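Both complexes shown next keep subunit A, but they swap its partner, so subunit B is in the first and subunit C is in the second.
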Partner chain A sequence: MKKLSARRRHPLAALVVLLFALAATGGLYAAFAPAEKAQADSAQSLATEEGKRLYSVGCASCHGTSGQGTHNGPSLVGVGAAAVDFQVGTGRMPAQQPGAQVPRKKAIYNQAQIDQLAAYIASLGPGPAIPSKQQYSPDGADIANGGQLFRTNCAQCHNSTGKGGALSEGKFAPTLEGVDPKHIYEAMLTGPQNMPNFPDSTMPAKDKKDIIAYLAQVDSSKAESPGGLELGGLGPVSEGLFAWVFGLGALITVAIWVAARTAKARKS
Partner chain B sequence: MSTASHEVNASARRGKAPAGERLADWADGRLGIYSLAKANMRKIFPDHWSFMLGEICLYSFVIIILTGVYLTLFFHPSMQEVVYNGPYVPLQGIRMSEAFASTMHISFEVRGGLLIRQIHHWAALVFVAAMLVHMMRVFFTGAFRKPREVNWVFGFLLLVLGMFTGFTGYSLPDDLLSGTGVRFMEGAILSVPIVGTYLQMFLFGGEFPGHDFVSRFYTIHILLLPGIMAALLVGHLILVFYHKHTQWAGPGRTNKNVVGMPLLPVYMAKAGGFFFLVFGVIAAVAAIATINPIWAFGPYRPDQVSTGAQPDWYMGFSEGLIRVMPGWEINFWGHTLQLGVFIPLVIFPLVLVTIAVWPFIEAWVTGDDREHHLLDRPRNRPVRTAFGAAWIAWYLILLVGGGNDLWATHFHLSINAITWTVRIGFFAIPVLTFVVTKRICLGLQHRDRDKVLHGRETGVIKRLPHGEFIEVHEPLPQDQLHTLTAHDQPKPLEFGPEVDENGVQRKLGRTSKLRAKLSRAVYGEGAQIPKPTAAEHAEITSGHGHH
Partner chain C sequence: MSNEDMSEANLPSEREHAHHGAVEPVGDPFADPGLPPHEPRRQDIDERTARRSERTVALLFTLSMVATVGFIASYVIFPIGKIVYIFPFGHVSALNFALGLTLGVALFAIGAGAVHWARTLMSDEEVPDERHAIEATPEVREKVFADFRQGVKESQFGRRRLIRTTMMGALSLVPLSGIVLLRDLGPLPEKKLRTTAWRAGMRLINQNTNEPLRPEDIGVGSLTFAKPEGLSEDDENFQNVIAKAALMIVRLNPQDIKDKRELEWSHQGIVAYSKICTHVGCPISLYEQQTHHVLCPCHQSTFDLSDGGRVIFGPAGHALPQLRISVNAQGYLEALGDFEEPVGPSFWERG
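Presenting the complex of A and B:
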């Protein structure tokens, strides 16, 4: 022991200790870690690697080089893979320009790239994961319950059939027509932009599924409109406009036509 | 005896009178239809498309009554809670009032129910819109002047009652959208100082929403208001008959005659045909486009609300008032005066009354006590026209405020910016519209004067021998000259000099001074362009100059 303690101030002592420590951790890890997990992790870490590369090119200028956020963009630590899948999958991110709200646009990354980005962001801190298809598929859901939940929790911003609405200062709740069920699910999970989030603790997964089923019923290309043209589903404003332009407009045209056809008008 | 047998012989010879004649004789003996028909069958109605706007109102009212009767056969005005089991899947198993459930039943299960509902609702929108346009026609042509002021008031009351009949009507299904509107109305009533709470309790029979409001609104909607409206409508039409219709100025048309077509057969055929055209257009609109899809809104629950909650268009300006009003409130001694709601509630009737009182203000200001049966061209009464246009602009800016959220989403604007625009526009736009419209009217008067004196521009350019280019003007035909100069140009009211001939100061009340000043504003210099006199016309057309 004396020999060892005598060399404890040797310049290379720290290095030796470090090597021992590393060898010990590595050895222990090799001894205890299950083999398959190690392989999966390496696939995961490959995705994370790729994601980090994509991130550095497309996202880092606003969100910081390691997702810590800057004054142009929030921190992404702990937002989870679901948030990335939503924001990038609906084309909102990367943002085109700063503004009141980042609108939906054509997605510029394909799904594989989005998954890699999501893996990288997920590696920064724990957050909601991308939902599985059976979580968001509307099959077998309770549509009426979904409608009730939608009117209670969503309609005040998104309108009772999800046509969207205005928020303050140029912000808005977008229309939900044509939005992928997965993205609706992720939006509820993560609360993007001005939207509050509805984690499973406040809105159970089954309720989210019901809401998606309700929207698929009333606010999709399959939605029926038993009364004829929907007029945007915006309520009395568009109805009033329609009544003035096509109702009264047509009637005044007819009145002009009738008045022009008088017994006197025939000039022989 | 001999005369009797002679009569028998005569009737046997001629045979019995035709059945129609006998029926008419029978009716005349009891109802006196011959003298009625004699007096009214040849009633003359002048022809102009704008005189048919009132007919659109009348016919859409009839359509509303007819379809409304059908709807009452299936509607249950009850707040009883039921569970929906009808065919519309997204609401199955949902609790709702019987009013909502029966409206769902009408929409999805009653044969033709949805079409009739949509005709009823579209006709209501068209009805109020047509009333407003009809009223504006009467306003801008001065058809409200003596002797028709009472009929103007009748028409105005019909408009207001129409608005409230509409409001109580679309509130009946107890859906989420209309329930929000009723809640808004309740809040407005509550904001009235001192009596608000009592009024609210009286109207709703307890706390909102309670169990009574649908049945009460039902009575108001199908009995009370339509009853009053029907009475006013009959009075309105009787007065139109009694006063005879106004007409546009023109050769042969004076303040003492009416030129047009007789009631029977020409006008009756046209009016009858027009009824079916109105019904056809409204039915077509109802078949093409949805209105008030209550199944999309869901049943009313006080804890739910949807964005884009607006009233039907005719209540839109009240929505605008409330949306742009800052949320002011005053607290004192534990009481809250909710000015953010109460002030709009006060301005709401003021907006309507502003246009309704104009005929009386105009008559007072101008001191005009003559009967008028010839219509004014709007340009010849610039102040009135400008006032009407300013009122319309005021109304429209409030409508923009009422739909501020949809303006924001559809034009990618900030809702706050729109609200501020409306706040400023509420005060500025009417003034601006007044000034601009008055200038346009005066400009048009200038043009009329020019046309009368110098003729119509032909577009033919002529080069004179000395090189000058002129445009050839063609004199107007005699009838157009008459029409363009038929209007009278009244002088402003004068109350005499401030001192009488003896140099004693005359007592002139403050109101008289104000009246004289206003009168100068309406008819004085700068408010009308002197129309050409016959002498001016003769001088110019006598060959002097090459105009």
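Presenting the complex of A and C:
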């Protein structure tokens, strides 16, 4: 102890104290710092990193090297992870060719890659996040309210039972049959292509859930159709066409068949 | 009458040879060729075949009876809500399907039976029934005309001019009473077509949540439907009021708005347009958020919401009416008055 106190005025004493203090602080931090958070952060940044790599290969030619957009594709800053999950998850992006509207097709990326892309795009600017299963699952929703909301907000383009319909100049509202509830939710949230969006501020999350439940009720393979033979459920045009072409055609065919066969004993 | 009555000399080929193309007709070229010889059917010759036809017709009629009984039975048996899976129709109502099937069979079997009966058993001998002019004999005609002339003379119709004139007047006025009754077809619309429920200071209510809208609720690219404050879907006249007052609210970037008046009437790029097409009044809200076009599903009229609701395609005759909006002291969107022009389709007195 005497030795230590004798050298307390040594020119290097301050340095030694400083080193001890730094080591103690670092050691304490290592002991108490939330290790999991650090790991999650690095996983997140890894996903963003991977997403950026996928983006550079698959998306950057149209949307710009850092998502700023070019004349071939819009800016992706602030569109959010939900938009990426919808566009890439339904196969619309990457687009096959320019045109009036990019159609749904088989998804090119798997869900893990889509999540990485979404993480990268979400890092460019704040936007809607991918909804949780609890948000879009139709369990426990009010189907009748969903029907009313669907008719007010969606039916004008997507048809009253979600069969889809035509828009101007080659654009169309696609059918909603067989669409993943998650993607329906994301479409309402983000408004892909020419579809307007329906943010939570004007259409609360509960309403979106009700709409998804209504669609599951009327527009799925299990949907009940009391009349049967819906002919696509597209309304009077397809029904009239069917009645005039096939209904009347069948009557004419039967009439011709009856009259063409002679009842005479000797066939001429 | 049979084929033997016809001379082959009348055929063009024969005449060619006989007269070297001379046009002189031989006999009457329009002579009635008569009916072809009657051919019997198997049922006419063979009694066993005829019996089989009889049984077939009876079977069809019996099938119809069974189907009708089945119709009544299915009406009684199946509850209204019962859904069954039937390929290829899918999940259909058991009641509807059974009723349609049995009634269809019942009607078809009657028709098929009648056709089969007529074709195989009823007489199929061709019988000509010649037409004759329909005219009364000269004596009868003469008598009728004489009676009419005598009647005119005895009634003094030609002599007493006053009676004739007043009778004509009476007969021509009587139908007027029928025309006057058409007044009861309904009261005139008066000012109803020119005004809607919107008034200055009325807040815009979100149709989804029934809450008043704030400007910050409405993002660029979103679509919202609004109704006037104080109007409830349970109101007796809700449909009549909303049919004129329905609004669609969208937000554009203010620099995208090409029309000066539209920009003035908007609030920070939020514009409120009538949802009723100016062609025949269909509800239009097929809004494309990238082009700002609104399409009417009835006749494809297209309006440009970034250019004062101008018609850019289709039969609509007027731009879509815009509602002037602003924000009140509490920060809610409110109307600054009614629409400046009548909403919906044109009408005679619109001007």
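Just a few scattered comments:
Rule of thumb we're sticking to: the second predicted complex is superposed on the first by the 223 of 268 C-alpha atoms of A that agree within 3 Å, B and C clash if a C-alpha of one lies under 4 Å from a C-alpha of the other, contacts with A are read in each partner's own complex, and residues count from 1 in each chain.
To be clear about the criterion, a contact is a pair of C-beta atoms (placed from the backbone, for glycine too) under 8 Å apart; a residue touches a chain by one contact, two chains touch by 3 or more.
Computed from a predicted structure; not experimentally measured.
Steric overlap between subunit B and subunit C is present once the structures are superposed on subunit A. Contacts of A:62 after superposition on the shared chain: neither subunit B nor subunit C is touched.
More residues of subunit A lie in touch with B than with the remaining chain of the pair subunit B and subunit C. By the touch criterion defined above, A:205 reaches neither subunit B nor subunit C. Of the two partner chains placed by the overlay, neither subunit B nor subunit C lies in contact with A:129. Of the two partner chains placed by the overlay, subunit B and subunit C both lie in contact with A:152. Look at A:77: by the touch rule set out above, it reaches neither subunit B nor subunit C.
Within the superposed three-chain model, A:247 lies in touch with subunit B and out of touch with subunit C [touch as defined at top]. By the touch criterion defined above, A:228 lies against subunit B and subunit C together after alignment on the C-alpha atoms of chain A.
Using the contact criterion defined above for the overlaid structures, shared-chain residue A:196 touches subunit C, although it does not reach subunit B. By the touch criterion defined above, A:100 reaches subunit B but does not reach subunit C. Comparing 146-154, 272-280 or 344-352 from subunit B against subunit C in the aligned model shows that the clashing stretch is 272-280. Residues common to the contacts of subunit A with subunit B and with subunit C across the two structures: 152, 156-157, 165, 167-168, 173, 225-230, 258, 263-264. Those residues of subunit A that touch subunit C in the complex are listed here as 149, 152-153, 156-157, 165, 167-168, 171, 173, 191, 193-199, 201-204, 207, 222-230, 258, 263-266, 268. By the touch criterion given at the top, residues 47-53, 55-56, 89-94, 107-108, 114, 118, 122, 125-126, 129-130, 133, 176-177, 261, 266, 270, 273-274, 277-278, 281-282, 285-293, 295-298, 301, 303-314, 316, 402-406, 408-409, 412-417 of subunit B touch subunit A in their complex.
Those residues of subunit C whose C-beta lies close enough to touch subunit A in the complex are 39-45, 83, 86, 89-93, 96-97, 115, 119-120, 124, 206-209, 213, 216-219, 221-225, 250, 283-291, 293, 295, 297, 300, 302, 313.
Within the complex, the subunit A residues that touch subunit B are 100, 143-144, 146-148, 151-152, 155-161, 163-170, 172-173, 214, 217-218, 225-231, 233-244, 246-248, 250-252, 254-256, 258-260, 262-264.
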